[in-house]
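Structure record follows, encoded as structure tokens.
We call the chains A, B and C, going by the order they appear; numbering starts again at 1 in every chain.
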């Protein structure tokens, strides 16, 4: 019992007084958000919290391949954030770091302020996720599997500093995002006459639908979201194996462009275009989501073109509502459509126990990873992960 | 209304009770400082907050030069701090990091504890700014322009670990600082028989004057501060292009010593002396500030000497008191006085809108940067920056 | 006086009400722990704080050696932590970073969650200290000297990600820890078919004894703890001077294995075994502690063996109870028992003033460091350190 409870019971304060004095608590906790501090005038609010993912991976390598079985322990993510509003509820901010990335420019994820003129018109300045790809925009903390699909990972631009105009129309029936960026990737700031652009729209005919996989709310009414996005950038190839920056994910070693860097001439600039369409649906504990992604890169002087595409489709169902979910996913990527035997197909099954939705969960998944580039090997990958948001 | 308000209104607690119980709030917010937690015994206090600067720069390169027009988006600074006192109000501490510096030893700015015997005699141990240069000591968060002047940047030593004896006399009419440092720069700890020293004094005849540019308090009485400082260090030149450390700002690529490294022989030790005088004045929304800085470096074995100097002068006026300010600055540097055609002159104008002083502001400035070393080119640099302290 | 105090005095609330409403405070401070936030339902708690060590070292080098006298200023440690429990008091977590390690993968110390089934059976997942070595497991913040002994430093594995099963039996009369790790060291996650293991047991016949040096509680009853531990790992030697990872402390440049890397052939895998026994005792302000450590490494293909051992013994006494302590330590290491003239012997004396136990203290120590490998030189090392936990 709090002091307010006692005073109300004794009749020292009235029911109305009680409501007023407890309306805004200076200190509050909400799962998934962390502890929240609010100033007395309610003009300032700060939440701080963290998210830990700790993972074990066992890889049963194909006997026909050259790899041996292996295993890995890792703290996959250790996020720490401060967010809230300042001076007015319309001016929000987010600072988020990932302490696993010590010693790397990838320490800083988000660092932005956002001003809401109205819901329909908002402007964000600073670093955040480039709005390209449903699964990429979906926090790594609210996935249905242990991590995102290979298709999503290979086509995502990553984090970037820039400005974004965005909004939600008619209570979230539709949303739009238009971003203008430096183009050099996470916490990497180039001085250049090139830039990156991204645009994304979604339609959510049955009402607002947050980016979080699995129907952990056991939605009584169906929820649907469809989206489309476009990304453009220009990067220079500086050496035989690297672009001017490797911090744009799709241009790094695990991205479609990074894998196909050999296509281009040293020193030339390359125009990059990315396209994607996606959809997600949830109802009564069932959820499904799919995304098709396409990339094309054109060398300015070599006149060479690299074309990549990929997709994933996944579905899950809570066999114990809100608690135990089974999910299945198929992911396909062809990082170079003009090259044979480089496709990768992942077939995955997952089982998740949600103690408190995505805030506290234990997830296991198993993947058959068929990689043509490694001699058509079929590796089996077993992963177990615990996540806590505190 | 708070519970205390209600109880006072109802006469449950007296006016005196009210004052006493609300005197120290366990949780409080103050703009520019962040949320503050205070222990019940008032022996411990911790404030935590952050400062975000997000910036866009467009450079209109001189057509006669070799550079092309370019632009840059960046999160310039993302500071996070914890400060307060512990065990007694006389023992204060500050921890501040800049998360933009992930992957760099420059992640940690301040990490010190300070003990106040009396205002006039205090000792600080740990890492903080080396006390050399008015504008350098002025937080990057309370500048009249988007950032510091080139003159200030080129002569500043940066952050260092060491000890500092300091104090304020007669309520701030005069201040002094005497520091003794490792000499290797920010978060860089050398084992050496060399050290760095710095000393700074200020006189503030009309009373204490904080380091913050612009007269945002619309001071009714004039405020004046004059200062002088000295810095000494010894660094070894280890390779053709680097000293034993590049983390002393003036010895790095943008400092006067770093630019003139070619003067010295490989392997020799170099004695560095820096001198500076400065003044600042504020009254009725007007403010002006100027600083003259001088550096000399002497090689032990080559007997070569490098001499540099520079200055800036700036003035601002709030055309809407406390809100809208215009400012003008002239900055001159000659990084090597014995070399022709290496001077840099920046002529700058700024406009700043202060929503809440330096805590929430939008600033734009334009610079004509005349650089003799680049063939007497005149680049025009346009910068726009939003800053929020939360 | 708090509002609760006033209301109790006035008889508005009863003694029982008072106890109930003040039982759990939303905001609390405890020295050594920092500020603690607790949710109203008491299911969530978060403490945040920091620990600063700032140090000055003067080395009076042996005149017969090649080194010259030198000195060093450093912020040795700047820890920041978030810890507490979430969803239930049995699920605890700890996030701790050391901001001095900016630019290094050693930024992240701890990142784990721990579930307590019962005191006797707990499981921890994530990154924390590998349980090998009493002094290593003793926080650098609660040492009797300025820092750990050379013997402890040379044999410790460091931090690692993995899983640990552990517990305390009969209220702490005995404890056990069994850990399974990746084996690549702090924040370093290898995919490999090798792993590391560690096991540790302690017996504490007179009751639970925390890892903290010095008898600062002036224990009225004697306290004794004896321990034994084992560590196993397999590392590949990748180049002439480096293993596949240098982030396992004992395999780094200051570890026994790192120093003896020349024993092995390039490319071969090496089995590493570590053994240790230790004891600590405290009574009436007196404390003593000793540890013997042994390491053996066997090359798979070269069939070469490297054998190392070392120990330290230290004792301290509070000449002013709880405040002023004198301590003495002897540390011996032989990093390669099959090689002559490589032993290091440190003889150390320390004086510590504890303003508030280990939470606020000033420590000085002097070391005679006799190093056979540097030509049997006797360097004298003087260190002064201030520590504050806020």
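Rule of thumb we're sticking to: contacts are C-beta pairs under 8 Å (C-beta built on N, C-alpha and C of every residue); 3 or more make two chains touch, one makes a residue touch a chain.
Because the structure is a prediction, the values reported are computed rather than measured.
Q: How big is the rotation relating subunit A to subunit C when the fit is done on Cα atoms? Please round to the nearest 5 degrees.
A: Angle of rotation between the two copies: 120 degrees.
Q: Please state whether the interface between subunit A and subunit B is built from the same residues or different ones, using more than half shared residue numbers as the mark of same.
A: On the two sides of the subunit B and subunit A interface, the residue numbers are mostly different, under half being shared.
Q: Between subunit A and subunit B, tell me the centre distance in angstrom, where each centre is the average of that chain's C-alpha atoms.
A: About 36 Å, centre to centre.
Q: So which bits of subunit A are touching at least two other chains?
A: Correct list: 3, 7, 12, 26-27, 48, 102-103, 107.
Q: Provide the residue numbers of subunit A that touch subunit B in the complex, in ascending order.
A: Checking each residue of subunit A against subunit B gives 3-4, 7, 12-13, 17, 20-21, 26-27, 37, 39-40, 44, 46, 48, 82, 84, 86-87, 91, 93, 95, 97, 101-108, 111-113, 125-127, 160-163, 180-182, 187, 189-193, 195.
Q: Which residues of subunit A touch subunit C in their complex?
A: Going through subunit A, the ones touching subunit C are 1-3, 6-7, 10, 12, 25-29, 31, 34-35, 48-50, 52, 54, 56-57, 59, 68-75, 78, 80, 99-100, 102-103, 107, 355-356, 359-360, 386, 388-390.
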